[in-house]
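Labels A, B, C, D, E, F, G and H are assigned to the chains in the order they are written; within every chain, residues are numbered from 1.
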Amino acid sequence: MMFLRGNAACPGCPIPKELDALLEVTGKKTVLVVPASCTSVILGDTQGGQPSTVPVIHSAFAAAPAIASGVAASLRMRGEEDATVVVWAGDGGTGDIGFASLSGAAERNENILYVCYDNEAYMNTGIQRSGLTPYGAWTTTTPSGKKEFKKPLPLIVAEHRVPYVATASIAYLNDYQSKVRKAKSIKGFRYIHLLSPCPPGWRFDAGLTVEIAKLAVETGVWPLYEIENGEFRLTSISKVLVDKSKRKPVEAYLRYQGRFSKMTPEEVKALQDYVDKMWEEIREMTKK
Amino acid sequence: MIDLSEIPVAKPAKGSAGKTGTWRVLRPVIRYDKCTRCRLCIMYCVENTIDQEPNLYPKIDYDYCKGCGVCAQVCPTKAIAMVPEVK
Amino acid sequence: MIELSIKGRGGQGVVTAGELLVASSISEGFYGQSIPFYGGERRGAPVTSEVRLSKEPIFLHRRVYNPDVVAVFDASLFSVMNPLEGLKENGKVLMNSSNPRKVWRETYVVDATKIAQDIGLVIAGWAVVNTAMVGALANLLKEYVDLDALEEVVKEEFPGKLGEMNAEAVSLGYRGVKKVD
Amino acid sequence: MLVQKGKVLALVGNHAVAYAVKQAKPQVLAVFPITPQTTMLEKLSEYIDKGELRAELIKVESEHSAMAAIFGAALAGPRVFTATASQGLLYMTEMIYWVGGQRVPLVAAVATRAIASPWSIWDDHQDFVSKRDAIWVQMMAENVQDAYDITLMAFRISEDPRVMMPVMMGFDGFILTHTMERVEVLPDSVVDEFIPPREFKLIDFDNPLGIGAVATPDNYAKYRKKAMEAMERAKSVIKEVMANFEEITGRKQYGLTECYMCEDADYLLVGMGAWVGDMRVAVSRLRERGKKVGLLKIRVFRPFPREEVREALKGRKGVVVFDRAYSFGSGGVLSLEVKANAYGLTTPIHTVVAGLGGKDVRPRDIEGALEDLTEGKLEEERWLA
Amino acid sequence: MLVQKGKVLALVGNHAVAYAVKQAKPQVLAVFPITPQTTMLEKLSEYIDKGELRAELIKVESEHSAMAAIFGAALAGPRVFTATASQGLLYMTEMIYWVGGQRVPLVAAVATRAIASPWSIWDDHQDFVSKRDAIWVQMMAENVQDAYDITLMAFRISEDPRVMMPVMMGFDGFILTHTMERVEVLPDSVVDEFIPPREFKLIDFDNPLGIGAVATPDNYAKYRKKAMEAMERAKSVIKEVMANFEEITGRKQYGLTECYMCEDADYLLVGMGAWVGDMRVAVSRLRERGKKVGLLKIRVFRPFPREEVREALKGRKGVVVFDRAYSFGSGGVLSLEVKANAYGLTTPIHTVVAGLGGKDVRPRDIEGALEDLTEGKLEEERWLA
Amino acid sequence: MMFLRGNAACPGCPIPKELDALLEVTGKKTVLVVPASCTSVILGDTQGGQPSTVPVIHSAFAAAPAIASGVAASLRMRGEEDATVVVWAGDGGTGDIGFASLSGAAERNENILYVCYDNEAYMNTGIQRSGLTPYGAWTTTTPSGKKEFKKPLPLIVAEHRVPYVATASIAYLNDYQSKVRKAKSIKGFRYIHLLSPCPPGWRFDAGLTVEIAKLAVETGVWPLYEIENGEFRLTSISKVLVDKSKRKPVEAYLRYQGRFSKMTPEEVKALQDYVDKMWEEIREMTKK
Amino acid sequence: MIDLSEIPVAKPAKGSAGKTGTWRVLRPVIRYDKCTRCRLCIMYCVENTIDQEPNLYPKIDYDYCKGCGVCAQVCPTKAIAMVPEVK
Amino acid sequence: MIELSIKGRGGQGVVTAGELLVASSISEGFYGQSIPFYGGERRGAPVTSEVRLSKEPIFLHRRVYNPDVVAVFDASLFSVMNPLEGLKENGKVLMNSSNPRKVWRETYVVDATKIAQDIGLVIAGWAVVNTAMVGALANLLKEYVDLDALEEVVKEEFPGKLGEMNAEAVSLGYRGVKKVD
């Protein structure tokens, strides 16, 4: 066990498991760089200690990729290139305030593994909209549902032409861990985007965390793929979902979540269309 | 060497947030008669609070289990029941 | 001035309870102050909210160290912490419990869980006990809190049907509180 | 004297400020969430969603952009607002100086909070004072009512053509932002009258200006001198606005400072923010015990009330400044201000540094220090840590 | 006394600092260009390109990231460095406080420059002083030699286990950064000995720490108190380092302050930075005219040399502080520091605010103010704008 | 004439012309938001005045898209939606320090026209590398040439799914102006990326500005295209350049520029390959 | 109204950087006999310093022309010569 | 101490000229200071660089208002500004010119342009006049600048062939300076 029990995550929060699964692969010689987020709180305090068994650098909200760049440079200087420098950041830290820093590190092709655990809002401050909040979702700053679509971050990062980009899900642990394993074996900037359901923020029963994560994939809302040196490849169950008939309707995913409860049928349809269109693009990409 | 008491740092500790088992409202109880030792609950317990016993049966660490119910949901044989904590 | 400490768990509406008391006291022309204590609070984790009620303006902003009244939403808290820490010698304790056990010189109980369950105030398996507790507290704090005013405030806070149910819980809590001798 | 009695509400600090903002009718807001400000943002979102406030809330991706967005908006004419705290206030530092230097009227609320590293979400004043050079009027609230009142006055002060400057309203994180108290709110119509329509507008297609263009050295120094002068003028404007507000509300506003139980006091406590309330109680108790002590509250931090402070300190036997912010390597920030502005006096001034990172300050701390002061036992600088 | 005579070079300030940095052998640098610091960055790039400095230069996309990158690098052990100015220093504000609070030894050079809006690329000290609360040792150079010397000492002071704190070396933009002067540089071997190997390292896979984790209120206050104590300790460490440096170089280092022609001076001029040189000339000239004037140079701004300043001011007839930075609504920043730290004395202290936004300060300005001071004609605050 | 003569641009600098051509289309009701850059200097000072005949808001380096968002909101409130809010920013302000702000504005689909004039380095501070400096180019911070490839910014912005993205060149003024015209007619976030040769920074004779800009297009280094609602379309002369034989070798472009003078033949080839591969991708995109 | 002298702003002005024609080292001289009035020089003059006369011939504003030579480069008939400024 | 003001245009190496003088003075064990004035300087735009040379340490950092010597790289500057502003009554002027016209009580000329052209020091059509001017200045400033030292400094600054050519320009400038009577 790399991530110790008895931490401050909400009941049902997948983050401890996600971190444990990551560290299981990257091992003891891992440095976690964690910007302001729910994880900052989960990581304990100077009094009670931290659940992490590897070094953690707490980071200002916008600074994690740069801190990681510095750590990577130092480890290179120390001759410890076998260590893995991981940024572990929420969707807000990744896609909003910290995005210039991420983009800069990607452009410099820094030797870091960036994991964005995406709970689709600012959860630590109590559920406010982020750029990665999906269309239609209620948050405290989108009381009538968000009007814009989710920022397609993994593809934007991929457009930086970094060696490795992948999506993952807590419901598909093997897929997730094998992506971490592959990422660990590659040098340069690697990016994994992990959909991370949040019971209080998404308004679902804590026991359903894995179920919801699964539905995201099964409905095609969250395709699992990797892009290695520009090559796009669907992974795990998503491979069969190019065929629309194999995908559950998005409604099946929305249903359990209070945050989508006020969506009108038209909005649900708009989201379904969006997902279908995304899969059309995916079909194009897989052809290449 | 540097004096770590000067510098804000945290050291690894189980129970950094205390005995989080006290947060529990519902308690997961494994009916071992139904359990097939498939390990799914261990794999998916988001808190890492299910240990694998030498006999391969899962065992919950109630000191820290927060009672979320994920294990009960993922158990394919419905071997885990969520029962209210006695008050 | 009277000082309260409300102890419960994340998700039990401890902060709201304090605010309901303060709001009703203020609506009566008095003064009040509700001070939540924020840590990284989580569903199920212990939570405290502190309250001051007074007929004069309140100047203090520090936390409440020696409450006159402690309200405990959940008896199981005793196994995690000492909810009565700092309570004045002559202070009062209000317990949500079906079991009238004396924990302090002056102990009161109300079965808020049962009240909530009877009314149907149950969300995601949890009985919503805060309004019944607030009702019971109102009974102990008659000088500062008026039952009618409190019911009004509750109806304002919770819209529609939910308001009705909660107001009923308040009323049942008010009437259901018992001194333990 | 027409006193307009308003409604009495029970509000937490963040909602009281949101209420005042709603009444001031800004048209563009840009706010980025941060504890302990967030519930204000949420309340403002709700007002807009319900149509109670006709404004756009720009959901920026950072605080630097929050201040930038309202800066841009303000140049085009509308009234604007933002709020932040701690890391957020630091992250917008460049823009804080920017709007100050550009002399743009706007209002920002700061829910004061300690600064990392290490992380802390709790209250102290380190963030607020970090902007003391930036050409901003800075005021600090004592309680929730005060936060409401100051927010309203802030808009009027900021837009006064004699001032033309951003105003920062500070109020203690959690201690005020999340505490519910009694608040008397003004009727909307009274607020409409109290804050006249905004006149400031720099973007005009018929008179195209280059806003913030390079200033050569001579020009630059000249602009800064004008800012200094405007800051001095602001003192009387603030007093004027407060007097007017007092007239409207019947709530005593005092001015830049308030001296409580000062008349015959030999010893003076100086403070700013929410704990001033606790200090009032401490002073009263010591008075009851026959100690001649008084309290000087700093309500306006910038422009610093030099004259008032000097006047208040004169002839006392001893003074203790309570500081919730520290300038490492020099002293408590409020202390430094008081000493520097009172330079030349000989009243001994002590400092108590307390409440950092949310460390609660207990009755005995304040009374103890004050008592020690009267008994000559207080160190020059005492840390409650 | 072993005096190591070094090479004499003709260097502009930015190159002198780059030279010192090269000799200190940092392994990781992260610098973002900004006028007037840029030519230092360029020189460092060149050193690395030519293999004269074995280090990585991370070409970050902003200053926030520059400070973040060297922060991360420093935690893992290596010596690190960055440099910036003005907007850049403001843009990294959050990280400046971060590394201070975390007590990470590192060195940053600040080529001082005015702050926008309006744009100005020219010198004043507004940027440098904006970081005076942030748990940084801050020193300011008088000339190019001084910038070289202080940079070397900065590494040693910063890494001293009794201090363990970032150090900021300020030097006037253009006036020093771009001015070529005579610099005596130490042999590399002497520098190697002067700055012992760095011991600070927090990232250790066998002792995994959570660096900067949340501190609950009690803990937070405790850490801040320790920082305050370390800052006080830094005073003697700095003096010790300077004494050692003086021994090595034969160049007089004085300490936290230098008092020039002070012995029998009735009037004192106080200043910091490059114009101290001009003040020396002004003081000498007035001395020639029989005026008993002296000069107090502030070399270390944080920790502020309270004792030295009090000592220097005691018994003078009048003092004038020259300020190149202003805290709007209170006073000149250096003035405020001097007054607050000298509180209790009665020597009248005047302020001259000058040189803002690069406004050149002419001989007659300094001499004039000083002369007016001796003749009782100097205002409490004079603006040369 | 919308941009007045007698300004501080270097001899041969295309910026004054680029701005004039822009304003000719967007007209008097334009607000320019300009972050720290060469243009900030070109825009004069409080003493001598400014060459712009429309309002200019000078901006901190990282703040322009946010300032523009605020201006756009205000103009909406003022009922002046016929005005055009233009961000005019260099490559550094756009792709490096200001990129989070740009990305945020794009995600919110703010009603602004963002023009990045790309001179491929920080020129105002004296030629330092930016994320958009091309492979092989000398700058003062890449004394031996940049080792990373140019950040493909227009495509990254396009991946934000904004309504309009285009590239342009000073050598093809009609193409540039017609793109500005189209952008003006669209609501939401519009982005034009304008390659802007810089004689001192690129080390070429000032008279060659237009020639160099032309060669960038003719060699295929700088393809002219637009992406309207996701639809990719080559424009102007670039339409014929999909055919490799129609493209001049990149060497023809590099030759005149001192910044590329130290490139080895291998590096030149790497760049040629990069360009060819880019055109392969373009071919794919045009097929869709 | 607001007092603009308080606020750092710039107003539109020709010659904001002075008479930039004095920067010129080489002077573009149009040989009108070769000029076909194609307007390319006007279009591409990066400084906007070539005016179109009523007769459609280009005319250079030497007060501001910086002498960059772009016009000479783009002129299809080589009608513009860059001649050294007389010292 | 002696103070100089060097006037030229962006691209003419005015700043380098000042630095060469200072460096050679320092290499002789003296003191020196070169202060460029930075605006948004552009190729062709007027530029100033100021220099102090001294046998004693220099404390001043303010600009030079009343130079002892003014060097004008380009006579056409007279039409743009007054390059001689502030020059001391008994100060000297050095002009780059082929035409020995007297512009001040004590005027010197050197035909730096021709020197540069003759040596082949021409870049992008511009004669590189700064080293010839520096050579000429060295002649006027013998007390502080030694010709040999200056040539050394020039060779260090410009590597290889270019150094040779510039050193020659220095030497020709030194010898080519003439007083205008």
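In this text, a contact is a pair of C-beta atoms (placed from the backbone, for glycine too) under 8 Å apart; a residue touches a chain by one contact, two chains touch by 3 or more.
Molecules present, by chain and UniProt name: A, D, E, F = 2-oxoacid oxidoreductase (ferredoxin); B, G = 4Fe-4S binding protein; C, H = pyruvate synthase.
What you see is a predicted model; the values in this text were computed from it and never measured.
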Relative to chain H, chain with the most remote C-alpha centre: C
Winner on C-beta contact pairs when G-H is weighed against A-C: G-H
Centroid spacing, where centroids are CA-atom means, of chain A and chain G in whole angstrom: 55
Gap in Å, rounded to a whole number, between the CA centres of chain H and chain B: 80
Whole-Å gap separating chain C and chain H, where each centre is the average of the chain's CA atoms: 86
Junction residues of chain D - those touching two or more other chains: 35, 59, 61-62, 87, 91, 94, 98, 101-102, 116-119, 121, 202, 208-215, 218-220, 223, 360
Where chain B touches two or more other chains, by residue: 8-12, 17-20, 23-24, 66-67
Set of chain H residues in contact with two or more other chains: 40, 42-45
Complex contact set, residues of chain C against chain B: 9-10, 40, 42-46, 74-76, 79-80, 97, 113, 125-126
Residues of chain A defined as touching chain B within the complex: 1, 3-17, 20, 43-46, 48-53, 56, 173, 199, 205-211
Touch list for chain F against partner chain D, complex: 28-29, 31, 33, 40-41, 43-47, 49-50, 52-60, 62-71, 73-78, 83, 100-101, 103-104, 107-108
List of chain E residues in touch with chain H within their complex: 8-10, 12, 35-36, 121, 143, 172, 174-176, 178-182, 274-275, 277-278, 280-281, 360-363
Residue numbers on chain B that touch chain E, as the complex places them: 1-12
